[in-house]
Structure formats: structure tokens, C-alpha cells
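Shared chain: chain A. Partners: chain B in the first complex, chain C in the second.
Up next is the complex of A and B:
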């Protein structure tokens, strides 16, 4: 019985090819946009979660407050003395301060301004773990590496940072001093981080003697069995007392990686939510179109409805026929929309990766695909329900007489 | 004659009220969304760039190069400017004044509450008036600083906000900046730009002697005498700085540009975001256009017989085409008008709610006359384009077949 209804609905969709086609087109456009936007949102969240997993939830960082981008305000820094103090707090497995400063890199008379980091070579493994990067080519920094530098991924590319790519062993000028390139880090996925340069503490301190023992931020790893957020509170508490500051007047803050990533995740959620809402408007328009198509269909088929009723179709049957018909329009639109959305997102992801934003990659979970098609089906069915209701309420006699 | 066409088109639209309404709703929703979003985007973009663009066109900003937008100018630079340059720049012909600007972050304490803020200077002596004019500095309470005002500050409007330090800061109050006690002598007029509204302003002597430990300068603001010579002045400053800082041409580690130019990249980024969002909203107009096409096809089909009759009594192909063409254009433009009205209300409503919810003055809607006219024209065009193919098909119908046509 139900199968019969579906067949009949399909037949009607096929009979008015042009009108059905246009209606499906209007639905699929909205579905395409929504599918593509959500796939990027999910992809971004996956990226964040992967970082969280790799970096581990046992990490925290201490950062100074101040004006502007984190670590750039030189009036607020974390001192070596603070780090030495924090290191003694119970529950800390490892701790390392990271120097942070803008540097000028120069090659073949081309100038670029990027962030330079000074890293404790004896803690390089810990720092790399916290940053979730490893050396891709060459080797990592080690003790005694003076006038040597490890570069971010993008230096290996042409026309990215410099016109010509930089090779291992080459010389590069940083703040007018000559450095030897001994390694490249893996791709992090955004142009800012992938253009960073890394030195040892000693090198950094000789480049910037005034900044000795003043750190941009500090990485901390909690002991196993220690809750990082409790540890964050403990560090805040003790460091505040150590620095002689009152509660609420700290010039630093301690945050767990998990919290920081959670904040980031929420931002992604809100932004993609807004975009999806805007894209949803087109689906509303599509649903109005569908309603229009179905009203027309009901008017055109008034006589047919009369006949069906005359031979025993109940109101419910007529209702189902039209709801199924508009549902089918929606589902087909959803199906094609998902396919198109997939193609657009994949292409968009490739373009983003080429532009250096490889963190901007779509992800296509199965729930999204099935959900989109189901949603389109429901939108179609819902838009058809009013016309269908009107059709079901037609009086058989009047309907038969309709011209 | 032409009027007749429009009357006929209007009649056929009103005959199928429900369908015409639904079609117009489609266009109207899309136009409303685009107008609302573009209006909000425009307002927001203007508000954000307005945060920085408070200087006239006759001013050049000199800055050391570094990472942009990482903080106040002069932060995150590699080789900062030095305080001896301003005097040398001032000797360049065509320069009215060259003023050192120092920006220093620090802790601010009042009512036992603390925040981290930034302070900037007003120069002493003859430059004071030039600078105050240049940035249009005015107080709404108390007075501006004068020479010899040691440990006195003028505060931006946001400091009078009760929520910030528990109670309103008034003229005559004492506040702590980096632990040093200051008298508040004035409160600035509210400008809607954070550079003023969150500023702590003090005399150059105090800021430099008490809080700056080197001879670096954040920005040098250069006022030119004649706007026409600004290009030459810029070149001369660049030449001077190359010599002073010992860098070759093409390897400058500083920039000399008008504040408007400096804002261009920020403005472009914001415009890109605005464009992206508008494009997504745009999709709904396209969908609305498809709705029009659909409705027009149905109309042509339903009125096949009518077309046949009109043709048999002498209507040309062109007449039939025009009739349907006008009808679809009307659908578009009526939808557009309603959409613009709704979009206008929507964007101002959203901006109002946003201001209430986030408390940010930045959220504004700005619907320009260009946007309104553009949206109107566009909705009409969408209607026309969407109706072209159906109207063409109607015009090509064979009168004999049409007359014979039954549903």
C-alpha cells in the first residue's frame, strides 16, 4: 500500500520534470551550502581535537597579561625567577620558558618580519611535544648550537616567505646576524606559525641581551595523577604570593591546554553556527518554493483528487500522496546537495591547503551526510504538508466538477 | 500601450494571489537577508576602521616594521624608532610638526581594583596645541593637561564606567598607574574609539622619565604644511630615515604612510569577511529567482490557451514576451521593495540587540542609499532574468496548437 503511494508520487514528480527539477534545484542549493559549511566546521573542530590529543591534556601554560598579541608586551613578562619558583611546586613534571620576540629575517635582500622563539635545548623534546611539532628535515636544536636556526615549514616553499626556497645548510640573516639553517619543522597549518624561527636560549640571549631571563610564555606538564586544572589553580595561587600580588591583580594567568582549546572550539562552533544560519535562509526560500509547487500541483490535479476520492481514497491517503511527493523533492535535492557540497568542500580544502591554511580542512562524518538528506526530506515534506492538507480536505463532488 | 502591459501583468499576478505571494516571499526573504547582513557588515567595518582612522589626510605616521596588529604601534617591532628622529624630520621642508608618540602599557589601580591599560603622551611646549588639534582632543569634564603637570592624567571615557573599577572615576580622584599615584584632572569626550576611550594620557616628560627605560619611540606623527606636497615630504622622510638607520633602498625596516593607507589591509580583510557572508546570503536570492522561473513556467503553461487567443487576434511574439517579462520583473521588484524594508528593520534590530547583549558600541548597521538602490535594481534584474526563458517559450508558442491546448 505504502509502496504504491511512493510509486505514484515518483510518477508525478517525473511527469512534471521541469517544475520538479526547478524545485529540487532550489532545495539542493541550500543543502550544498549548509553541507559545505558544516563540513568545514567539523573539520576545524577535528583539527583542534587532534592537537589536544597530541599535546596531551596534561599540559598547561603560564602567560603574562598585557596589551596586544600574547607574549609581545615587553612590560609584562614571566621571569626566570618565577619559573624557578614554579618548578618547585608539587605536581609539575616538566616546565620550560619560551623566549618570544619579533625578528627580521633576510635573504637575497628580501626582508620579512616574523616571530622568533628561544628554546631551552635540554628541554627540546618537551617543547616539541607541547607544540605538537617535530623536525621534518635536518635535526632539532641541541646544546651548543650557536648561530644555528631551525625554521618553520614555509621557508622550504617558493614564493611563500621568500621568492626562493631555503635549503638545509644555507645561511640566512636574522637581525643582521648570519645563521646556519639546520632543520625545518613540520607544517603546523597556518602561515603565521609556519613562518616562525627557533633558536637555543644562548643564541636568543646573545641576540637580545636586554631580554635575558624574560619569557613570553611558559609551558608546564603536570605529573601523572595530577588534575591539570587543580594544578593551574595551585600555580596561580603560589605564584601570586611569590610575586607579592593580590588576588584579582595578577599580571599573569595560568590556563590548561584543555581550557584554551575548549575556548577555541566554542568560537568555531559560534562562527560556523552563524554561517549555517545564514545559509539556512536559502533553505527557507526553497521551502516556500516547494510549497508553491505543491499548491500548483494540487490545483492542477483537483479533478484527479476528486476521482481518487470517488473510488474510495480516504483523506489520509490524499494527504500522504502529496506529503510523500514533496518529501521526495526534498530528498532528491538533499542527495544532490550533499554530493555537490562534498565536491565544493574538498576543492575548497585543497585551495586552502595550497594557500598555507592546511588546518582549514573539511571533514565528512556519516551523520552529516545522512542528516543533511533527512533534513532536506523533512523540509520538503513539511513544506508540502499545507498544500497536501488542503488537497485532502477537497470535497469529492466539487473536485470532480472543477475545471 | 506600455501601461497596458503593466496593467495586464498586474492583473494576472493578482489573479493568482497565493502563488504570487509565495513567489515574492521567496525573493523578499533573500533580499531582506542580504540587505540586513550587508548593512550590519558595513556598519561594523566602518566602526572598526573608525577605531583607528581618527587622523586627517595631512598626517603621516612613521613606524618601525614588525608584525602588524600584534598590539599598539611600536610593539612587536624589530628595530624601534629613536627619540632623536622627530627633530630631524621637523627640519624637512614642508613639515609643520613631527611629534613623538610614546605608548606604554601598565597596571592601573583604583578602588582596590586593577586592570592592565595603556598610557600615551601629549607633547610639551608648542607641539601641545598642534597635537591636540591633530587628534581633536577634548575633555567633557575638567581640563586638558598643560606644561608642568607632573603626575596628572586625563582619562578616557571608559574609566567613568562604574562596572570597570567598582565606582565611577571622577575629576579630582587619585589613581595608580604602575604603582605611581596620579591626580585625575580631566575626562575625555566619548569618541567611540578605544584609542581614546580606554586611554590614560599624561605629559611626555612623565611618561618617558618614569616609565620608559630606553630611547625608543612607538610612532612619529608628522603633520605636513600643505596636503599637495605630502608625496614629496614622504619621500624626504624615507630618505632621511634610510640614512639615519643605515638601510638600503628596498630593504627599509620602517614605513612612512598616511593612517588611511595603513588601515587598508585591515579594511580589506574585513571587506573579505563581509563579502563571504554576503555571498552565502546571496544564495537565497538565487533560490528565490528559481522560484520566479518556476512560477512563470506554470503561468505560461496555464495560460497557453490565453496566449493562443491573444496571438490569433494579432498579438506579436514580442508582445507576449513583454507581457510575461514584465510580470516576472514585477514579482522581483515588489519582493525587493518589501525585502529592503524588512532588511532595514532587521539589521537595525539586530544591531540594537547586539549592542544590548554584548555592550559593544561597535555593532552598528549602516544601510547606504547605494545598498538600497543596488538591492532594488538587483531584485528587478533577478525577476527579469528568471522570467526570460519562460517568457521566450510563451512568445514562441504556435497559436493553433495553443488554442487547441487542454490541461
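Up next is the complex of A and C:
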């Protein structure tokens, strides 16, 4: 590739500022959208991967097969008896059922409905490990902690759950009972999890006596050297027989942490894929626009093409000039698009964090930046290739005569 | 006996104009030897422009043969013709035909780009050629910043970029006043003295008289051949 041809192509982009500018604008809109969307997709996947690393892939969940979020469907529950049975299965290091129920929290006559979890205080470390969260202020729940509660991170903030923040040691009303706040959990990064309240089994059972021994979900930790997927199969198989259910018609399911994250990852992938596809439509429009610009450029520069051919330009030289020119339009659009996309995503991430969705953070890997610019260059070059081909096929005699 | 550099042998060129076929050239025979200064004259519609296209390898004939240094170029592809033109023939046009986005130097260097000559060498040759036509002070000017005469001198410098055998000038003084036109003709004469073959297509007898030989074209073929005025 001759540098002189690239320089000539640049000169032409520069000379027709308005038209080049408008074409670049159409390309950069598409690139901005794609860059911003993918940066969020990558950010989310990174977040999931970090969780996977922290929680470890040796965890499994047993959940009732119901409708809605895990544990919220009250028609299906895992019973204490099921847990006792599963605990005996080979390969399990630890197991703990979690109670899960909507509760009503009240402070200064302000009322909120949130999720309350009942945790086995003797297994608190295991539960916290599985939730990848630790106590930030105050202390964990321990055996005998009756009428005591540990709150999610957001209770410490003003205007988040309640108008005023909740302090350590403060009394708070939950389902009309008074509880002492003994600790706060670290920030998880989404408003729902950060507004949960946690009690011991005993407290939960006194609040909801009818729900005793019926758990929303169960956490299992596999023994070292045990494959969690195989363990999941083994638990499914044995628990089904124990409950006398038919294969495929179980009222529960066992999922490894890895599977759950994979499912989540797939959802992220599909969602960002759909959004990127929509953004691609704008890039197709941009590509048509670029093609139009280049056709105009070819018509406008017909005489120049004739001159260049007269002084020895071969068809492929002319082809290169126009393909490079449209590629430059694409690359500039890509470059500005990446910068704008970066600004938009960063701002969006900050806004999401302020709104409590701190897990919704964009990530800007170098491959995304370089890939976006290259992609825009190729879209530009490809859009210009038909007009360029037409230019290259012009007969010098006809082109020279063109006024 | 000098070698023949360009030979047109019974060349026909037929254009399809809608339903009608127009014969722009009807069996044109023309032979030009190395080092000659030849003028081709004729009224408008005589086929002059088409003849320029054939002589300059800008187009191929419908019938007949065109030889450039004994090679038949009448069946070559567009890209092969481009290479040959770039190397063997320098063009000077009535409209100057410079590229406005490029400087004088870049315009002169352009034919060398397509022959794959290195940048430094291109610029060095370009500067020398512009010096030769007296434009050493104007090398970074754009064509729009130059007078008509200066633009034509840039075009002359460009025509010499690849040191071609033949310089083909199509109405080179057509857009210039008579004084500037004389300067341009003087350049062509000097080039001829330096050994270049010069072909001038013109309807101006004052230009043609500088040639060794004048070929008169009418209805697509040569009808008369005379010696030029200065010889």
C-alpha cells in the first residue's frame, strides 16, 4: 500500500469537511452504541466471574421448583427432613437451609417490604462465604441472638430505604416485633440484596411459626476432590427417590454455583447480543450513508480519476484510493465513537452506582477499543468498495472528458 | 533511419451513439519516429481527440493495430495500458488537468507514485523538473494558486516525471494567451532538442508550424501531410 495514496485519500476527506463530517457522524452513532453496550456486557460478566472466584465453585443450591425468585414461591418448600437426608449423601462437606420470606420493616412510621432470611447461626461462616458477603459493621448473628437482626448495607444510608439511616444498636420494628440492630452487611451491589434483613433460625421461626422447617433454598458445599456437577446429579437422584417422585417431575432442582453463574452469563450474553444487534442496524444505515457519500465522491472526482489513469494509475490504484478513503471515514467514526461510548458508559456506570446498582459497571478491555475502531474501519471500507470498484472501472477517455 | 516509436495501422474507432454508429476514425495510418516533432491538425469533428486517445494509449481501436515501440498495444487490458502510458507517454492537456488538492510538486510526482518510485526519489525528481520549467519558487503551491501559464508548466513538468519517450500535447496552448502559449511551445521545442518525441494536436497553425511534420486529419483519416514551418 502506497503512503501517497493514503495521504491523497486523507486530503479528500479533509477537503469535503461537511460531507465527511456527516458521514462520520452516522458511523460514530452506531459505534458509540455498540461500544457502550458491550462495555456494560463485559463489565457484568467480569462481576459474575469475580463472584464465582470469591464464592468458589464448590457450592451447590437445592431450590424448590416454583415460580418467581428462588425461595419466594410458598407452594414449594424444601423440608428439614430433606436436608437431613441430603446431609448423609457422600461428598457433602457442609449444608444449610435458608428461610426466605417477605417481611415488613418499620422505622418512624415509614413502612417497607423487604426479604427476610433465617440463617442457622452455627453455620453463619459458611452462609456468608456462599453469599460472598461479610459483616461490615457490628457483628455476625450467633446462637441465642433472639430479637436481634443484621441488616443489609443500604439501611446505613439516608434516603435509601428509610428517610433516616439506621444506626447500630437501634431498635427497629419487623412484622410488629421490636428488634435490635447488631450489624450491617457489606454492599452487595444491587438494591434488593442490600435491603435484606437477617435473623437466626429461632427468631425466624417465632415470627413465622407456620413455616418452621420449610426452607426457601438450601446451600451445599462439596467436599474437596468431589466434582460439584456429579454431586448435583447424585443429590437429585437420591432426593427424588427419597421423596418418591418421578424423574423429570421433581418439585426441586439442584444447581451448582458454576451452572447458576453460567446461566447468568448466558443471559448477559444473549441480552447484550440482542442490544448490539439493534445497534448494528444503525451501523447498517451508516454504511448505506457512507456508500452514498462515496458514490457522490466518485462522480465528483471523475475527471481526477481520468487524470490519474492518464498518468499511469491502474484500476487497483484507483480502487485502493476510494476504499482507503471510506475506510478513513469509518476509522474516524470508530475513534470518536469509542471516545463517546467510553464517556457515556462511564457516566452510566456512575449513575447506576449512585442508584445502588454498583454491580452494573462497564469494563473497557483493550480488545474492545481496538476491535471497535477496526470494525468501523472495515465497515467504512466495505461500504466504499462498490463505489470504488465503479471508479476503478471508469475508462480514462470518458473520465477525462467529464466536466 | 530512425526507429518507429508509434505506428497506427488502419485504425478504426466506432462509437455507438444510441441507435447510430459513428466512425470517429476510418482507417487512420500514422507513423511517428523517435525524436520527431509532429503536429496533428484538423477541424473539429475530424477525429483529432480520438486520434490522441489512440496515440496516447488511452483507448484501444475498434479495428486495426496500434504499435508502441513495435509492441501491439491494441488488445491490452486497461491496467496494462495504464502501466505503459505511465512509463512511455507524458500528457499535456488543454485544461492542464492538474489535481487541485495536491501541490505542484505532488502533481509532478504523481505519475511516479504509480510506477512505484520511492518517495525521496520522487520528490527529488519532481523538484528538478519544476526547476526546469522555472517554478522552483512555487513547488508547494496548489494549482488554484497558480496562473494558467504556470499550471501548464506544472503539467509539462508532470509529463516528464517518468522520463517518457513521447510527450503528447493536446491543444497545449488552447487556454493560454499567445505570449504564454509561445513559452509553452518553446518548452516543447527544447524537449524535442533533448531527444523527446513530441506530438502536438492542435487547430492552431502558429503552433503547428514549430513541428517537423504536420498531419492533416479529416473525417477520421489523414488527408494531407506537410513539412513544418521551422524546418
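Observations on the structure shown:
FYI, the second predicted complex is superposed on the first by the 399 of 403 C-alpha atoms of A that agree within 3 Å, B and C clash if a C-alpha of one lies under 4 Å from a C-alpha of the other, contacts with A are read in each partner's own complex, and residues count from 1 in each chain.
By our rule, contacts are C-beta pairs under 8 Å (C-beta built on N, C-alpha and C of every residue); 3 or more make two chains touch, one makes a residue touch a chain.
Quick caveat, the model's predicted, so the values are computed rather than measured.
Because the two structures share chain A, they can be overlaid on it, and in that overlay chain B and chain C fit beside each other without clashing. Touch counts on chain A: comparing chain C and chain B, the chain ahead is B. Shared-chain residue A:15: touches chain C; no touch with chain B. Using the contact criterion defined above for the overlaid structures, shared-chain residue A:61 touches neither chain B nor chain C, since it reaches no partner. By the touch criterion defined above, A:251 lies against chain B but remains apart from chain C after alignment on the C-alpha atoms of chain A. In the superposition on chain A, A:400 makes contact with chain C only, while chain B stays out of contact range.
The vertex angle at chain A, taken between the C-alpha centres of chain B and chain C once both structures are aligned on chain A, is 90 degrees to the nearest 10.
Contacts of A:312 after superposition on the shared chain: chain C is touched, whereas chain B is not. Across the superposed structures, the minimum distance from chain B to chain C, using CA atoms, reads 10 Å. According to the touch criterion, chain A has no shared surface contacted by chain B in one complex and chain C in the other. Chain contact summary for the complex, chain A toward chain C: residues 2-5, 8, 11-12, 15, 303-304, 306-317, 395-397, 400. In the complex of the two chains, the chain B residues touching chain A come out as 18-19, 22-23, 25-26, 29-30, 33, 37, 65-67, 69-72, 75-79, 104-107, 109, 113-114, 116-118, 248, 250-253, 277, 280-281, 283-284, 286-288, 290-291, 293-295, 297-298, 407. Residue ranges on chain C touching chain A, taken from their complex, read 53, 56, 58-59, 78-79, 82-83, 85-87, 91, 93, 97-99, 101-102, 106, 109-111, 113-116, 119, 158, 161-162.
Listed in rising order, the residues of chain A touching chain B in the complex are 18-19, 22-23, 25-26, 29-30, 33, 37, 65-69, 72-76, 102-104, 106, 109, 111, 113-115, 175, 246, 248-249, 251, 275, 278-279, 281-282, 284-286, 288-289, 291-293, 295-296, 300.
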